[in-house]
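Following this line, the structures themselves.
Two complexes follow with chain A in common, the first pairing it with chain B and the second with chain C.
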Partner chain A sequence: MFSHILKLIWNRKRNNALMITEIAIAFIVVLMISVLAVSNYRNYQVPLGYEWQDHWQISLGISGGWSTDTNRETLRQMIAALKSQEAIDSVGVVKEPLFFNSVWQSSTRSDDRLITFNANTLDDEAFETLSVNFLAGRAFDERDNGQGYRPVIVNQLFVDTYFSNGDALDKLMPGDNANGGTLPRKIIGIVEEFRQYGELAKPVPYVISRFDIATGHQPSAIVIKVKEGTDINYEQHLSTLLKGIAPEWHFSFVTLKSQRSQSIENELTPLIVLSIVALFFVIMVALGLFGVLWQNITRRTQEIGLRRAIGASAMSVHQQIIGELMMLAAFGILAGLVLAIQVPLLGLFPELDWFSFWVSFAIAVAVILSLSFVCALYPSKMATRIDPAYALHYE
Partner chain B sequence: MIKLNNVNKTYFTDKIETIALHNISLEVETGEFVSIMGPSGCGKSTLLNIIGLLDKPNEGSITLEQENVEQYKEKQLAKIRNEKIGFIFQGFHLIPELRVIDNVELPLLYRKISSKKRRELALEALEKVGLSARSHHFPSQLSGGQQQRVAIARAITGKPSLLLADEPTGNLDSHMGDEIMQILEDLNKNENTTIIMVTHDDDEAKRTDRLIRVFDGQLIH
Partner chain C sequence: MFKNYLIIALKVFQKRKFFTFINLFGIVLTMSVLVVGLTLLENYIYPGHAEKNHDNMLSVSYLRALNKERTQSSSSDPGYYFLNKYVKPLKSADKVSIFSSPRMVSVYLDGQQVKSRMRLTDADYFSILDFNFKQGSAYQQDDFEQGRSVAVINQHTKSLLFNDGNAIGEKIKFDEKVFTVVGVVDNVSLLEQDAYSDIWVPYTTAPSSSYKTDFMGGWGALIYVDSEDKRQFIQSEYINALKNHFEPYASTGSDTVYATVYSTADTKFSRLARDINNSRTFDTGDDQLLLMLGLIAIAFMLLPSINMINLNVSRILERSTEIGVRKSFGASSGHLVIQFLIENILLTLIGAAVSLIISIGILEYIEYLGLIPYAELSINTSVVVITLVLSIFFGTLSGIYPAYRMSKLNPVIALKGAA
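Coming up: the complex of A and B.
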């Protein structure tokens, strides 16, 4: 029966072309949504690498330029003032804020190999403040003062990507002139992760340099860990405190909890909108398939009557009609796959890896086949009700 | 071979009740070639549909090769149609998108036999109707007579014991009609196939073993 259905589909290819095209487009749309959903889900499964539950982020609007010694001293005073607060457990400084899409990409060349990574700068206290999970080595501390290297801390993905033997601790990498002169970078610690952009962003190789108030670049935020139960009303107190130290600076307070929610919402909103649009499109395709199939059954009344006359049971007819649409769906999926696979093959969407592609492919196949099955159910049932005695005299 | 006992068939619509067959009792022996004649609308096709198990009578019994099929379920009837009965229609009813050989194989699709065996049986049937050379043509590439020969090949490919032909020459000219009659006669004589044929043509009816006349849903003796 399989080869018979294949012959019928092939010999009716002109009539079926529109249906196959519709299915192929629907498949690509479903695949696209699946890829986004699967990628997000897989990203979400990767540990964040730090804690956010009782943390606040204070964005700094530094007035008069960071290079002045006055501003550097002001920041020192602010950190000291914050540390003295009873409700604050610890204070850290970051150059690139957390849960923001503020990207600092960098690269270096080592043994003729280009090493690219995303970067950030944290002070010594920030690791404790954020409870960063170390797999090996340590955070920055006084032992790194005055050394002939620039200490860096990398994530495990950086190690996996650039150190095939997994042995990265204490290894040196070339420095760069922009940060710390020509001193080589030395990996003094390896953290599980440090996903600055949040849980839904794709994990990337990440390198954290040491922030030093005296020589470092302008920081963008102070991160504080507050005691459990501290509510947002405490913001007013802190704002007054900081404004007293730096009246010209601007501060904005946000809890990492709400910033994280915002970051997730920012990532998911386009996906939800796309999914709704795709859902409507798929429903339209389903209605189209249903209509065309219904029309086909009417057009093929004589053929179905003949099949019944020569021995096809109602169940055989039912299965054949469903089988035909499933095979059309398979052709549509194949056509869609030929187009869709170009995306990972040509690397058009860097976020997409092969595993996510094939998982999404399986989901899209399941959705399209289920949809086709549902669309075929009623018309095929209708076909079984065709009375052969009537159909054979039907004009 | 087949026996109808007091068969009645009435069609009901909202307002009208139409008696198609009234108290039909009929017996056809194995190997007989029987023709059925009668004016349009007299119930010939209904009778053929009931004999072919395509339609069920309101009353009466049908026995096919000693099997009373009256209480058979749809699936059992389909199996009997597939294995014991071959149908030939005035309008050929070939599937235009399938090649001749695939059209002939059609009844065998509903049996559990290998594709190789199906092909062998279909070619054998095409050989019998003299069309094996056209097995890979599409129906539209054949004349009306050739299409009807393909339809006969399809009807006999499953080696049925009973052939039902509903005006098989109705759409053909006399020369082609004669060819079809010759094939049916050969099948009847050489294969001992029982044939029941509806026709409007007296000459064709005379070539059969027995003529049954139907008028207003009743047999005329």
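Coming up: the complex of A and C.
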């Protein structure tokens, strides 16, 4: 049966080549959308690593350059003032803000291999403020003062990526020359995750160093945890308070809750637009396949009539028509795969891993095959209705 | 003859309605997406509102600085210090305005709170950009020089804070400072990047003048020239100044000394090109962007074209008797190719017309969802013309092969009506 169908396809190769091209392109379109959907879904499944429900983020517009001692002193006063507020549970300082696409990448060379990661600095209290989930070790505290190392906290993905034996706690990494001198970095804690860019971003190896007001880089935000039921009107009070301490700075307030939904919306909107366009494309291809098949059946009346006349059952004609289209679809998928597999092979799209690729591949194959099946159903039924006597009479 | 072709085409469309529908579905889908994309692009490149004099404007929005060894580089929007030193003094410029990028502020008024974007500008900003004032007017050079706390707000902010009433002379408070509203302008869309904001105030009202030493970040400039032809001159004057007269700048708070800078005075299109190509030198990559847009449009038409080719090839025999008769009476293949091509182009043109109507709906829906803040998207003549040209191209692309196959049908077989 297989070789029979192959022969039939080969005999009409010119027209079938067009069909295969069309299916191949449709397959690539579906594959692309599934890759996006699958990788976003997988990212969404990874825990965020911190809490956002009752948190506010105050972005700091620091005037006159961070490095002046007055500005460092101002920040110190602000933290103290915020801590003394009734409605505020806890206050932390971050260098890179949460749920923003503000990326700080860094790398270091250790034992002759390149370790690259995304970085941030947090102060001692920020871990408590954000209820960061520790798997091992501890947050920064006084024990790290004046030591012969710079403490860092890494995420589990960092450990999995760069420590083959899984044992990273208390290990040393070389320091970076840019700041903190050449002191080696010591891993004092491992957190489950710290997904600064939100739930839909790809998890990355992440290293958090300790923020110290006296020497640290310019921080971009203060994160506070407020008591439940604190409403947005409290913002005006905080604004007055902070402006009182630093009249020359400016502040913008946002709840992590709204910042989070904003960042999810920003990620999803283009995806939704793409998916709608792709959906219509798929409908168009389905209608096209259906039309071509229908047309072909009317043309192949004689051939099918002859088969019926020499004893083929309605069922086997049915199978032939569906089998032919499925075979074409399989060729189309194969051609599409040959093209699409270049993307992960050549690493054109670093966000894409093999697992997501094969899962999306399975989804796209299922979509294209079931689509072809549905498109072939009615035309094949039509073919079975052909009356052999009439068909042989055709001319 | 042409008229006959059209009559035959319409007859054919009516005869097999299902197939006409399938073809139209693909055409309308493709053309609608292209029209929406084109309209967004058109509204960005040829803004019709505050930036309507874009032909006389150039915008400086990018700065990349490197140290002497080229080991450290940093890029972002420029800072006030840089713009004031290198853009403001440009000789051939007729007006130069320096302004900040918008940032979010919370405006408080009688217990309500509104989140708005706020921009710091000079007074020339309002003479270069053509805002449509609903009430009051812009702040003047004098207000700017005296550092008076005055503000221009947009219609949206006004209706949130003051409903339908008069806003002129009312006080609003943000950043712990009280501003008097002097003007209300129509909302300006995000696509007009240099004009877009909710509130505008003079930068002389800033609580500290530390912005004057910022080399990088947070500011932009607009250059205005009387005649379009002077734009190219300004562009090269600016690049020349940066190449030959840039004084090394030691950034505060780090030991980096910037020795080389890259920045350009851009038209709307070259600014888009820089953003999309991620260009980092004096070349914004306009040609690459044009090429890319063309390739995207063609790639996008590929699947629908193949779909139509498929369908039309499978329908050749439908017309076999007609082709047979015409051929036996002496019609050449060329005649037939042209006839079928015209048929196909007619169908894509009908599809294009339908998609223009559908696109109006889609664009209104985009406005309704607020995907692009304050955008008022309209399809104008140039989009219609490009759409028609594209649909003729699309009709030819998808029609030429089936037409060729049809015209090659052997008249004897064609007359018999068998494959």
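Note that in this section the second predicted complex is superposed on the first by the 394 of 395 C-alpha atoms of A that agree within 3 Å, B and C clash if a C-alpha of one lies under 4 Å from a C-alpha of the other, contacts with A are read in each partner's own complex, and residues count from 1 in each chain.
Keep in mind that, in the parts below, a residue touches a chain if its C-beta (ideal position, glycine included) is under 8 Å from a C-beta of that chain, and two chains touch if they have at least 3 such contacts.
These numbers were taken from a predicted model, which means no experiment stands behind them.
Student: Counting only touches as set out at the top, which of chain B and chain C does A:Asn11 meet: first, second, both, neither?
Tutor: Once the two structures are laid over each other on A, A:Asn11 reaches chain B alone.
Student: Between chain B (first) and chain C (second), which does A:Gln295 come into contact with in this model arrangement: first, second, both, or neither?
Tutor: Once the two structures are laid over each other on A, A:Gln295 reaches chain C alone.
Student: In the overlaid three-chain picture, which partner chain does A:Thr21 touch, first (chain B) or second (chain C), both, or neither?
Tutor: second
Student: Scan A:Met315 for contacts with chain B and chain C and give back first, second, both or neither.
Tutor: A:Met315: touches chain B, not chain C.
Student: Can you tell me whether chain B or chain C touches more residues on chain A?
Tutor: Touched residues of chain A are more numerous for C.
Student: Check the residue A:Ser3 against both partner chains and state whether it touches chain B (first), chain C (second), both, or neither.
Tutor: A:Ser3: touches chain B, not chain C.
Student: For A:Ser252, select first, second, both or neither according to whether it touches chain B, chain C, the two together, or no partner.
Tutor: second
Student: Counting only touches as set out at the top, which of chain B and chain C does A:Leu392 meet: first, second, both, neither?
Tutor: After superposing on A, A:Leu392 lies in contact with chain B but is clear of chain C.
Student: On the A-aligned overlay, A:Ser164 touches which partner chain: chain B = first, chain C = second, or both, or neither?
Tutor: In the superposition, A:Ser164 contacts neither chain B nor chain C.
Student: Over in the complex, which chain B residues touch chain A? Could you list them?
Tutor: 45-46, 49, 52, 54-55, 74-75, 78-79, 81-83, 87, 89, 91, 93, 95, 97-98, 102, 106-107, 109-111, 115, 154, 158
Student: How about chain C: which of its residues touch chain A in the complex?
Tutor: Contacts found on chain C: 18-19, 22, 25-26, 29, 33, 103-106, 108, 111, 113, 175-176, 207-208, 210-211, 213, 252-253, 302-304, 306-311, 313-315, 317-318, 371, 416, 418-419.
Student: So in the complex, the part of chain A that touches chain B is made up of which residues?
Tutor: 1, 3-4, 7-8, 11-12, 302-303, 305-316, 387-389, 392-393
Student: Quick check on the complex: what are the chain A residues that touch chain C?
Tutor: Those residues of chain A that touch chain C are 15, 18-19, 21-22, 25-26, 29, 61, 63-67, 218, 232-233, 235-236, 239-240, 243-244, 247-248, 250, 252-254, 269, 277, 280-281, 283-285, 287-288, 290-292, 295-296, 299, 394-395.
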